[in-house]
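A, B, C and D are the chain letters, set down in written order, and residue numbers restart from 1 in every chain.
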Amino acid sequence: MKPQNVPGAHAAAVDRASLIGRFESVRADSVSIAAPLGAEDMAVQSMPDTSPTKWHLAHTTWFFETFVLEPHEPGFAPFDAAFRVLFNSYYHQVGDQHPRPRRGILTRPPVDVAMRYRSSVDARVRALFDRADHATMDAIAPVIELGLHHEQQHQELMLTDVKHLLACSPLRPAYQARAHDLAHPPGPIRWRAFGGGVVEIGFDASSGGFSFDHESPRHEALVHPFLLADRLVTNAEMVAFIEDGGYRRPELWLDAGWSAVEREGWEAPLYWRRRGDAWEEFTLMGERPVDPAEPVAHVSLYEADAVARWLGARLPTEQEWETACAAQPVRGHFLEDRLLHPLAAADDPDTPILQAFGD
Amino acid sequence: MKPQNVPGAHAAAVDRASLIGRFESVRADSVSIAAPLGAEDMAVQSMPDTSPTKWHLAHTTWFFETFVLEPHEPGFAPFDAAFRVLFNSYYHQVGDQHPRPRRGILTRPPVDVAMRYRSSVDARVRALFDRADHATMDAIAPVIELGLHHEQQHQELMLTDVKHLLACSPLRPAYQARAHDLAHPPGPIRWRAFGGGVVEIGFDASSGGFSFDHESPRHEALVHPFLLADRLVTNAEMVAFIEDGGYRRPELWLDAGWSAVEREGWEAPLYWRRRGDAWEEFTLMGERPVDPAEPVAHVSLYEADAVARWLGARLPTEQEWETACAAQPVRGHFLEDRLLHPLAAADDPDTPILQAFGD
Amino acid sequence: MKPQNVPGAHAAAVDRASLIGRFESVRADSVSIAAPLGAEDMAVQSMPDTSPTKWHLAHTTWFFETFVLEPHEPGFAPFDAAFRVLFNSYYHQVGDQHPRPRRGILTRPPVDVAMRYRSSVDARVRALFDRADHATMDAIAPVIELGLHHEQQHQELMLTDVKHLLACSPLRPAYQARAHDLAHPPGPIRWRAFGGGVVEIGFDASSGGFSFDHESPRHEALVHPFLLADRLVTNAEMVAFIEDGGYRRPELWLDAGWSAVEREGWEAPLYWRRRGDAWEEFTLMGERPVDPAEPVAHVSLYEADAVARWLGARLPTEQEWETACAAQPVRGHFLEDRLLHPLAAADDPDTPILQAFGD
Amino acid sequence: MKPQNVPGAHAAAVDRASLIGRFESVRADSVSIAAPLGAEDMAVQSMPDTSPTKWHLAHTTWFFETFVLEPHEPGFAPFDAAFRVLFNSYYHQVGDQHPRPRRGILTRPPVDVAMRYRSSVDARVRALFDRADHATMDAIAPVIELGLHHEQQHQELMLTDVKHLLACSPLRPAYQARAHDLAHPPGPIRWRAFGGGVVEIGFDASSGGFSFDHESPRHEALVHPFLLADRLVTNAEMVAFIEDGGYRRPELWLDAGWSAVEREGWEAPLYWRRRGDAWEEFTLMGERPVDPAEPVAHVSLYEADAVARWLGARLPTEQEWETACAAQPVRGHFLEDRLLHPLAAADDPDTPILQAFGD
């Protein structure tokens, strides 16, 4: 997670206002995401792969305390020395770490202390901003940039994790009460052709802008001609897959995928539940009928692969996806969910192959 | 849990004031036990065998709602129908039940709603009391009696469960800050002789008073002469056991006990931790040095058995213990802990046998 | 396992012929039990709780080598030093031990070497017999006695273990082909009354004869009057229990028993399998229809307890069972199976209570 | 596993002699591999991922019975109908299958029946050969070809599986007694340069010869210039990795690899055992000192990756490896072991990158 693009002096002067603005905005977003939740909702961990909201709030703060304040704040002292271990997720590089599956055991510090931790660190970062000379600004700006992207990643996790927690409750409480307008049904899939060849993919650091370290360097890749679907796979198509026995037909699945179906007892996407003849889906707005026009969400790679095969297509490679993105602006990012995106790639252009995209 | 002793009309008239007094007192005790805890502390479950404080608070309330209000309150309606399942622990008799190991997932209802549930049910029980005729009073008094003993059992669990939760935190927070005065060291064990013979044990329902259903009937048992230690085993004796290699000597253990030692890696009582040459113990007042004069707590039956064998004694049978209790008032009940009590029983009175008591 | 009865000099002279006769006979029985099996059948372990036939054959031989030959044979050298660990089952007392769940991994030594191990040790024990003086005879006779009872215990295990192994095979091969004559249906249960009182139970060492060490000393016990069924529970009664929903009615089960039913998915005794409307049972003679007149076999303590409750009875205590055995010769021991034996005990003689016996 | 290359009529005439010759030779090889083993060795399964030798012998026979005899032998009847399930490993395509982790439970059929199964099927395949017309020959030749390659795969497994079994025995028996001549120590790694570009990889079906279906089609790939080591990584280098703390340094490992190190407690390659200051290795010839000059064997992908990183290199991609193989004949295939092969690939030719090859 080495930042790719360190702005120079002039840029820094320009960036200072923009950066502090984004700092305020991103930090406030996390608090807003937590706002509908009670202290208990923020403390509990529903499975080892999720983290409590409180942990996310504190961990993202720990990032700025550890990587911005500690090296740059004169006379730095930690808000609470114990938090260095409790909210560290980088075991080997930055000291000890509280074990991930036990994050839910941390009833202390309580939520209000975690919130004071946020306020305190935010104020100190602002103060550091205010008095930073150019050299300090050059040093901290890329770290803050990284910290904000890091926090935005955790904002996605806060929503997926609290969705899992609320879905575990027999009360099935909504994170947010909100009416759901049915989506507009899309037309049938149409296939866009891409020509292939030796293409450039990967982030170009000289272009400016932010990227994570595994997104570069810019390099060549060979892509064969392929057809790409022009929209995501819908819930209606997923229902048709289920009703066509998709979860009971091993020939549609990769071998490891079929093992997962049998071991886990998969019969539908995560959070789907059959009620009589219809399907319901647990969402952040509570349980509601599956909307046929919406893109499928919360499917594993294996399920996406099986649905693609059932549709006579396949999933795209990273190279194909990046090529297609460069050629057309991609819509369809959704905050909370993993989407099945229909892409098609075919060596033989007569065999369009459907593909999935995991956000 | 059928109550043993249903008081008659006159008795009920006398009991009404006493019973409502105890109802107020016991119900208030639960709230007091929860007072030092935050909402997060009350929501989290630290292992499948424990329950969150919030669950205890609601479940003991569910008891009065289900067994007192529902059959006797005119026009009864539940505080919240979902609570019938969430806070039921009697699966097969009274409908569905939320699974025990998943009680910690119930972030909803939050603590303040659980507290309102308590207040509401308490007020309705009081109202029922106020207007109950003799027949109703005769019907509800034994159920309330049972409910109060039931709640007192859960008060013990609230303390053992929250102790386990706090001990799991790397912060090792105290439930209550309080200075600890070292206990007065007891003298060496002395042995009291009991004569044995055919004795009567078990609760005598005709005596009045409360008992749980497995404590009766009064029946005869044959007890052989035995020697009983006059005090509990101390931490000092436990330390000596450990330093004599007690946890590494299979000949001191029952076969299943030794398997548990190896499987669980036992090296000391639960909550003990070696610091250099000394032992520390996590308590509700936080971590502190083991007090040599206090009775040993938090040992399993297997550990108690091994310590007894190491001391040249054995654990008492239920019959021996009840015989000894009838002959002498027993001191040494402690609210939160399982105690190792030195009793001795010997068919051959030259071989005094130490014994343990689990509260 | 300290032998209880050490014969004197004259007795030893008489015993020598008798003991060597029983030694030959018991040792030959083990080989006969293995005779229907192939080398593969004798090598495989079907679950951690069973042992391969080859292991039983070698382990019982290890007993005589270790406890008879090693201390008493002049110039003793082991048949194979490695066998001291491989075939030892007394970890803590006699050195290292191959782990029990891994006995099936021991393809070496092969069966023919295990058989040579038996022949060699047998010949050396015979030679020791032939030249033993009275003092040696006095020392080895009780150990040999113990070794023979130990081997007879393992003969039971050889049959239960190989039954489990063969039952695991989809081929369901018979250990022995043999026609099965239907048993004669017994009449309804009749209840024999026993008076209770302070009775003597336990083995009396002064009476001569053999016992294991946990069968003594002779001591007093208090037994309340009880009724005992005069025969074992039959398969017909077990089928009626099943058809009456016995495995689906929690009120018939102990709490831990009901947990086992749910966790293990019990629906019938081990080795029973429904075929259409009828039940089949896997036996050492292969699979065959359940014989309604035979005693039930291969039920757990929990199942026996539930069937007893369903029949309006309960299982007997050890004290009741031993009292009844002393008063009447007990028939109904079967080599391979755990039997449900109908005993009744009642404090109130109007409530006869059925009871089970596990061999 | 659809064969790629179906020979024509003339070719079939030529192939008939060659094919029957290879059939005899490959089928005899399996029997030779089993020759040093006893019936018990061939029956036992040491872990779920391995199969007993007997199962391999029968399963490879089942292939010819099912795919050659059943469709082509007039009046076909199976050797034993039960074997269709017991020795089937293609669950979803060809009917039921005995579960893989339970193959060791199959003590029946015994080894001698499995051998008769082989002889019978071999004789019937020979008879089919003898009387086959051109059309039949065209139909069965590619299936037999596939069956022989399939059997050769299982011959490798027979050796790796029996190695695992024998290594589990505390006796550590040798599969074959044979003296080991120390290998000749290779010189330091030298790096061969490959130019990269768009290259063709994959099997070209039009070339004749055999391939498995996942080895084709022939297609283009983009390979960047890289350096490839000219020999495999040696045990001496592995020892140096270990002594440099390789198994204790997370920075050398992929994240999932380091999790595996911690979870599995890896400290050395499988089958290595430290004896004092030296390393010993269990081989098919028994336990012996690690030969420093031999290539490393029995390392996981994660270990290979970590060693490569420690050597300042990385593992090759499939495309790089196939490119290098096409440019130079590759030596270094070993029958039983997974080898760490030093390949180097570098976008920047100044950073040679070591790479591994798993056989």
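In this section, contacts are C-beta pairs under 8 Å (C-beta built on N, C-alpha and C of every residue); 3 or more make two chains touch, one makes a residue touch a chain.
Remember, predicted model here, so these are calculated numbers, not experimental data.
S.K.: If you take the chains that touch chain C and keep only those that also touch chain D, what is left?
M.R.: Both-contact set = empty.
S.K.: Which chains make contact with chain A and with chain B at once?
M.R.: none
S.K.: Which integer distance in Å separates the CA centroid of chain B from that of chain C?
M.R.: 40
S.K.: Once you find the CA centre of chain B and the CA centre of chain D, what distance in Å lies between them?
M.R.: 61
S.K.: Going by the contact rule already set, what residues in chain D reach two or more other chains?
M.R.: none
S.K.: Report the complete set of touching chain pairs.
M.R.: Pairs satisfying the touch definition: A-B, A-D, B-C, C-D.
S.K.: With touch defined as at the start, can you tell me which chain C residues reach chain B in the complex?
M.R.: Those in contact with chain B are residues 92, 198, 219-222, 224, 250-251, 258, 347.
S.K.: In the complex of these two chains, what residues of chain A are touching chain B?
M.R.: So the residues of chain A touching chain B come out as 38-44, 46, 54, 82, 85-86, 98, 102, 104-111, 165-166, 168-171, 173.
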